[in-house]
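Some structures to go through are shown next.
In what comes next, subunit A is part of two complexes: it sits with subunit B in the first one and with subunit C in the second one.
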Partner chain A sequence: MSDPSVTQDLIHGGEGPAASVVSSSNRPRSLWQDTWDILRHRKIFWISFIMLILFLLMAAFPSLFTHKNPDYATLAKSMDPPSGEAWFGYDLQGRDVFARTIYGARTSIIVGVLATLVTVILGGVAGVLAAYYARWVDSILSRIGEIFLGVPYVLGAIIILGTVAPAQSSPDRVTIMAVVIIVLAVLGWPILMRIARSSVIQAKHQDYVQAARALGAGPFRIIFKHLLPNSLAPILVYSTITIGSYIGAEATLSLLGIGLREPVISWGIAIADHTSYIRTGAHAMLFPAAFLSLCVLTFVMLGEAVRDALDPKLR
Partner chain B sequence: MAPAESILEVRDLVKHFPLTQGIVFKRQIGAIKAVDGVSFDLHRGETLGVVGESGCGKSTLAKVMMALERPTSGSVKVNGKDITKAKGAELKHMRRNIQMVMQDPYTSLNPRMTVGDIVGEPFEIHSEVLPKGGRRKRVQELLDVVGLNPDHINRYPHQFSGGQRQRIGIARGLALQPEVIICDEPVSALDVSIQAQVMNLLDRLQKEFNLAYIFIAHDLSVVRHISDRVAVMYLGKIVELGGDSQIYDRPSHPYTQALLSAVPVPNPEGREARERIILQGDPPSPANPPSGCRFRTRCWKAQDICAKEEPLLQIRPGTDHLSACHFAEALDVVHVQS
Partner chain C sequence: MGRYTIRRLLQLIPVLLGTTFLINYMVWQLPGDPFAGRCGQRPCPDSYVSAMRAQFGLDQPILLQYWQFLKNMLSGNLGVDFNQVPVVTQLADAWPITIRLALLAVAIEAVIGISAGVLSGLKRGGFIDNVVTISTLFLLSLPVFVTGFLLQWLLGVQFQIITPTVSDEAPIMELIVPAFVLASLNMAFTARLTRTSIVENRRSDYVRTAIAKGLTNRRVVGVHLLRNSLIPVLTFLGTEVGSLMSGAIITEGIFNIHGIGGLLYRAITGQDYTIVVPIASLLVLVYLVSNLLVDLLYGVLDPRIRYE
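Up next, the complex of A and B:
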C-alpha cells in the first residue's frame, strides 16, 4: 500500500486519456514525487485512502462482505429493525438492508466514476481545444459551455431524464445507468472545460511551448508533450472531487424517481424508497444514507488532500 | 569588416499589434507599433548585437524572425527564402536553419521532461535528421559540447542551476546544427559570473560551428563583448547600426550617446568628471509615436525638421556608419575623460 504507483493508478482511475500521458512513461516525475512525499505524511490522505479501498472492494467483491442475496425478500420481515441476524435490519420488501447497502456501492461508484470519466473527456477535449486554438474556437466552445451551465442542474436532469426515461417506464439496468451517466456528464462538462481551459492557457504562454514551436513542433506534440502534462494537476483534483459529487447527484435523481430505479440496487433508490417511513423504520433509509455520505466524503477528502499536496503555495 | 555572404536578410519588417475595443463587435482603435520598419543583414559566422531599452521591440523582432509571429509586412529571408511566408513542411524545414535561445532558463525548459528529452526533442520533430538509434548518443555529445555532464541525461531541469539550464537551452538550439541562432537576452536572467561563462560558451560554439548570432540584450557591455556589429533600437526602429567600435567609440545618434553615457564605469579614476547625458521623460507610447524622428521628444538637439521629416538610417557626413539622425555627429562618450 505504500507503493506510490499504486496510489497514482487509483487516482488516475477516473481520468481518461489525459492520465495516460503521465503514467505511460513510468519515470520519476518530480512533481508527483513531491506530491507523494507530502501526501504520505497526511492523516487525512490515509483515512480517505483506506476508506476508498474499502468502498472499491465493496464494489468489486460484495460477496466478501455479505453472503446474503440482496434481492431475496421475505415480506414477513418487512421493516424489521436491526438485529444479530440482519445488522442493518430489513427494508419495506423484507430484504436485508446490509446486503443491499453493500451491493449498492457498485452502482454508485460505477455511475460516479464513469460519469466523471465522460465529463473529463468531454470537458478536457473542449477545454484543450478552446485554449490551444483560442480566437473563435474558444468563443464558440465557451459560449456553448455557458449555455449548459445556465441550465440549473436538477431542472436540466429532470427535463432530459423525464423525456428519455419517464418515471413510469422500466428500462433495463444498463440503459438507465448509461442514461444517468450521460445526463450527469452533459450537464457537468462545462466546469471541467473551464478548469482545463484556464490551466492550458497558463501552460501555453510558457517559454518552453514557444521553444517547441520554434523547433517546428506540431499541435499534437505541443498538446500532448507540453501542455497536458503541465496542466493535469487541477483537472486531476477536480475529477476526484467530482466523483463524490456525482455519486450524490445520482442519489438525488433516484430520490426524485427519475434516476436509477429497480432492479438496479443503489443507495439513492434505497433512500427514495424509504423516505416516507423515516419515523417508523429509519434504519432502512439511514444506513444507505450514511454509506452514501461516507463515500462522497471519501472522494472529496481525497481530492482535497491531493489538491493541498499539489498546490505549491501551501508548501 | 570583410564583406561576407549574408545568411539572413531582414527588409522593412513591421509588426503592429492591433488595439481593439468592444466585446462582440471588435473594432480596431489603433496599433502598438512594436517593430516599425527594420532592415538589416546578418552575415555568415557574424554576431549582430541588438540593444535598446525595455519595450523597444527587441523581443518582438526575435519572434517575427523565428516565425513565431506573422509580421504585418516586410520579409525575413533565410538563405534567400522568406521565412515569414513559408508554411507547413517548408517552414518546418527552414526552422532547422534558424534556432533560438530563450531569455529565462527557468521557464524555457519543460519541467516534466528530462534533459535527454528536451535536447532530443529537435530530433523527434525532425526525425529525418538522425536515425532513432543514434539520438541518445548525439544528445550526450551535445551536452558535452555545452559543458554539461553527459551522464546527467536523465535528470530534470529543476535539478540544475540557472547557468546549467541555459546551457541545456543552448544545446537544444544547437541540436539541428542551424546556421543562425537568435539569442533573446540569453544572459540577462543569470548572475554576472555565470553570464561570462555562458557568453564564452556562445563565443566558442560560434567558432566551432561557424554560427551567426543575433544577440539581443539590454546590457551594453555584454553586447560589446560578443558582437561584431551592433544595432541600436528605439521605439521599434533601428536608430544606429555599425561595427562595435564604431558604435561604442564613435556613436553618432544622440540616443546611443545617452545610452553609452549611462554605462557604469568600473574605474573610479575620472569617472566622476565624465559628462552624463540624462534624458528627460519616458519613451513615448509605441501606440502613438511622435511624428518625424521618434527620439525628438527626449532629444536635446531636436529642431523643427525633426518633427517634420523622419530621418533615414544612412551614413551621414562626419560619421562612418548608419545613423538615423539629422544632426548625427560622432562623439566619444565613454572615453571622454580617460
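Up next, the complex of A and C:
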C-alpha cells in the first residue's frame, strides 16, 4: 500500500467501492487501489488501525503512558488491589502493574514482528525457489516443509526451547529474545512457503511471464518483478494475522517457563508469575492478559479486514 | 482408491522418519546438558554420568543413536526414563485421559462450532451472524491459556461451580470445562469455516433446484445444503485431532490433568529426555495418521474428488 498513486487517489477523493467496478477513468485500477477503497469504508479497519497505532506508541514511547518505573518495587505493597494511585494495582514484588503492562508491549510487539519477518523471509524464499525451479528443488523443499509441519507447533517449540534454554538457565535479554524469535520462525515457515509457492505457481505460466522470459529477462528479474508481487497479497494477510498469533505464542512459551524470562518485561511473564495467586490477587494476572488479548485482537482484526477487502469472492 | 492409499502410506514413511529424526536431533544434539540438574545442588559424579550415557547410548554418534531408537520403536520397546521407570507404564496411565479430553474437545467444537456457523451463514448479515462473527474474533484472539485461567478463575474461584483442578481419575464431568478451553480456538475456526461454506453453497445450482422443486426449507438446508457444506469442516476437525493432543500440554497444565501433555511437560522441564522422544514421536504419528485418514475420508465424502 506504499503505492504513491493510492495517496494521490486519497487527495483527489477516489470513487466509492461501487463506482470503482465501473470506473470511467481510462487508467486501470490496481488491486491495491480497490482494496484501499473498500478498506476505508470499513469500521473494523479503522478500529484496528487506531488500536495498532496505540500499541505501537506504547511500544516505542512507554513513558508517554506512565511516568512510573516498571522495575521499582515496594514489597510492602505486594499484591495491593487496583486503586487511584496504581490503576491496575501492584504485583507480587510490589511493582506497579500498569507500568509493567505498558512496558510489556514493546517486548511482545518486537518478538511478534521480528518472528513474522523471519518467517516471511524463510518461507517466501523457499516458496519462490520451489515454485520457480520446480522438479527436485520443489520436491526437496516440500518434503522438508512437511517434516517441520509434522511436528505440532507447541510441542516443537517446547522441545527446542526446553533443550536450548531450559527453565533452570537464565540467558540475557537479547539472547533469549533472539532464541524465541528463531524458534517461532523455524516452526512457522512451511505454511508461508505453501502460500508463496502456490501463488507463484499460479502466476508462472501466465502469458506475461512467458513474454518477460522471451524478452530475455533473467530468473532474478522474473521472480522479483513478475512473480513476487503476485504472492504479496496473501502473504501480507497471513503475516498480519501471524504477528497476532506469534504474540500469543510468545506469551504461552513464557508461561511454560521456557520462553522469555526476567529481566525481560513481558505480558506472558507477568501472567506466568501470578498464576498461583489467582485466588488472592487475580488483578496482577488479568490486566496483562487483557492487554495481550487486545493486542492479538488488533492484528487479527486488521488482517481479516485486509483479507475481506482483497478477496473478490466476498465482495 | 487402494493405490492412492498405498501411495500416501509410502509417502508417510519419509516424513515420519524425518520428523522423528528432527525430534531426536533437537532433544539430544542441541546444546544443553541432560544431567545438569539431576543430582540436586552439586554436579553429578562422573561415574553416574558415564553410566547413564552408556545406558542410553549418548556416547554414540547421532545416526547410530537414531538407528537404535528406530529399532526400539519398531519392536514396541519404549525403554525406561532416567529414573529407570518404564515409559510404557507412564504412557498407559496418561493416554486414556488425554484421549478422553481430546474427543470431548472435538465433540464440543463440532456441536457449537457447526451450529453457530450454520445459523450465521443462513442469515448473512443478520443479528446472529454479527454476534457469531464478533465472538469468534474474540475467541481467536484469546490465547488458550488466557481462556483457561479466566474460566478457572470465574467458574472455579468466583462462582465455585466447578473444582478449579481435575482429580486423578479425571471423570468426564470434570473434563468438560478443560475440554471447552482446549476446543475454544478451533471452535471459532469451525464456526467460520461452516459459515463460509454455507454462504458459498447457498448460491449453488443444486440448492436452487431443490427450492424450485418445492422442498421444505428444512429439507433443503438439512439434507442438500448441510451435507455438502460440512465436507471441509469435517476435514478440518479431523486434522485438528492430532494437534489437539499436543495442544493439551497447556490445558492439562492449567487444570492439573495427568495426561500426555502433563507427562510431556514434566519430562521436558525435568529434562528427562528419554520420555520426551518416544511420546513426541507418538504424537507426531497420531497427527500424521489423522491427516492421512482425513484425506482419504475426503474422497469418500465428496465423490467428485477422484484419486487417479
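By definition in this document, the second predicted complex is superposed on the first by the 286 of 315 C-alpha atoms of A that agree within 3 Å, B and C clash if a C-alpha of one lies under 4 Å from a C-alpha of the other, contacts with A are read in each partner's own complex, and residues count from 1 in each chain.
One rule holds for everything that comes next: a residue touches a chain if its C-beta (ideal position, glycine included) is under 8 Å from a C-beta of that chain, and two chains touch if they have at least 3 such contacts.
Small disclaimer: the values here were computed from a predicted structure and weren't measured.
Trainee: Taking subunit A as the common reference, can subunit B and subunit C both be placed on it without clashing, or not? Answer clash or fit.
Mentor: Aligned on subunit A, subunit C fits beside subunit B.
Trainee: Contact-wise, after the overlay, does A:Ala134 reach subunit B, subunit C, both or neither (first, second, both, neither)?
Mentor: A:Ala134: touches no partner chain.
Trainee: For A:Leu75, select first, second, both or neither according to whether it touches subunit B, subunit C, the two together, or no partner.
Mentor: Neither subunit B nor subunit C is touched by A:Leu75.
Trainee: Between subunit C and subunit B, which one touches more residues of subunit A when both complexes sit on the common chain A?
Mentor: If we count touched residues of subunit A for both partners, the winner is C.
Trainee: Mind working out whether A:Ile50 is in touch with subunit B, subunit C, both or neither, as first, second, both or neither?
Mentor: Neither subunit B nor subunit C is touched by A:Ile50.
Trainee: With the two structures laid over each other on chain A, which partner does A:Val300 touch: subunit B (first), subunit C (second), both, or neither?
Mentor: A:Val300: touches subunit C, not subunit B.
Trainee: Tell me which partner A:Leu64 touches in the superposition: subunit B (first), subunit C (second), both or neither.
Mentor: Neither: A:Leu64 stays clear of subunit B and subunit C.
Trainee: Contacts for A:Asp207 in the overlay, against subunit B (first) and subunit C (second): which applies, first, second, both or neither?
Mentor: first
Trainee: What does the superposition give for the shortest Cα distance from subunit B to subunit C, in Å?
Mentor: Taking the overlay as described at the top, subunit B lies 7 Å from subunit C at its nearest C-alpha.
Trainee: Which of the residues in subunit C come into contact with subunit A in the complex?
Mentor: Contact set of subunit C toward subunit A: 14-16, 18-19, 22-23, 26-27, 30-32, 36-37, 137-138, 140-146, 149-150, 152-153, 157, 200, 242-243, 245-247, 249-250, 253-254, 264-265, 268-269, 271, 273, 276, 280, 283-284, 287-288.
Trainee: Inside the complex, what are the residues of subunit B that reach subunit A?
Mentor: The touching residues are 63, 66, 68, 91-92, 95-96, 99-100, 102-104, 107-114, 121-122, 124-126, 154, 156, 158, 169, 172, 176.
Trainee: Mind pulling up the subunit A residues that touch subunit B in the complex?
Mentor: By the definition above, subunit A touches subunit B via 27, 29-31, 206-208, 210-218, 221, 225-226, 229-230.
Trainee: Within their complex, state which residues of subunit A touch subunit C.
Mentor: Of all residues in subunit A, those touching subunit C are 143-144, 146-148, 150-156, 158-160, 162-164, 166-168, 244, 248-249, 251-252, 255-258, 271, 275, 278-279, 282, 285-286, 289, 292-294, 296-297, 300-301, 304, 313.
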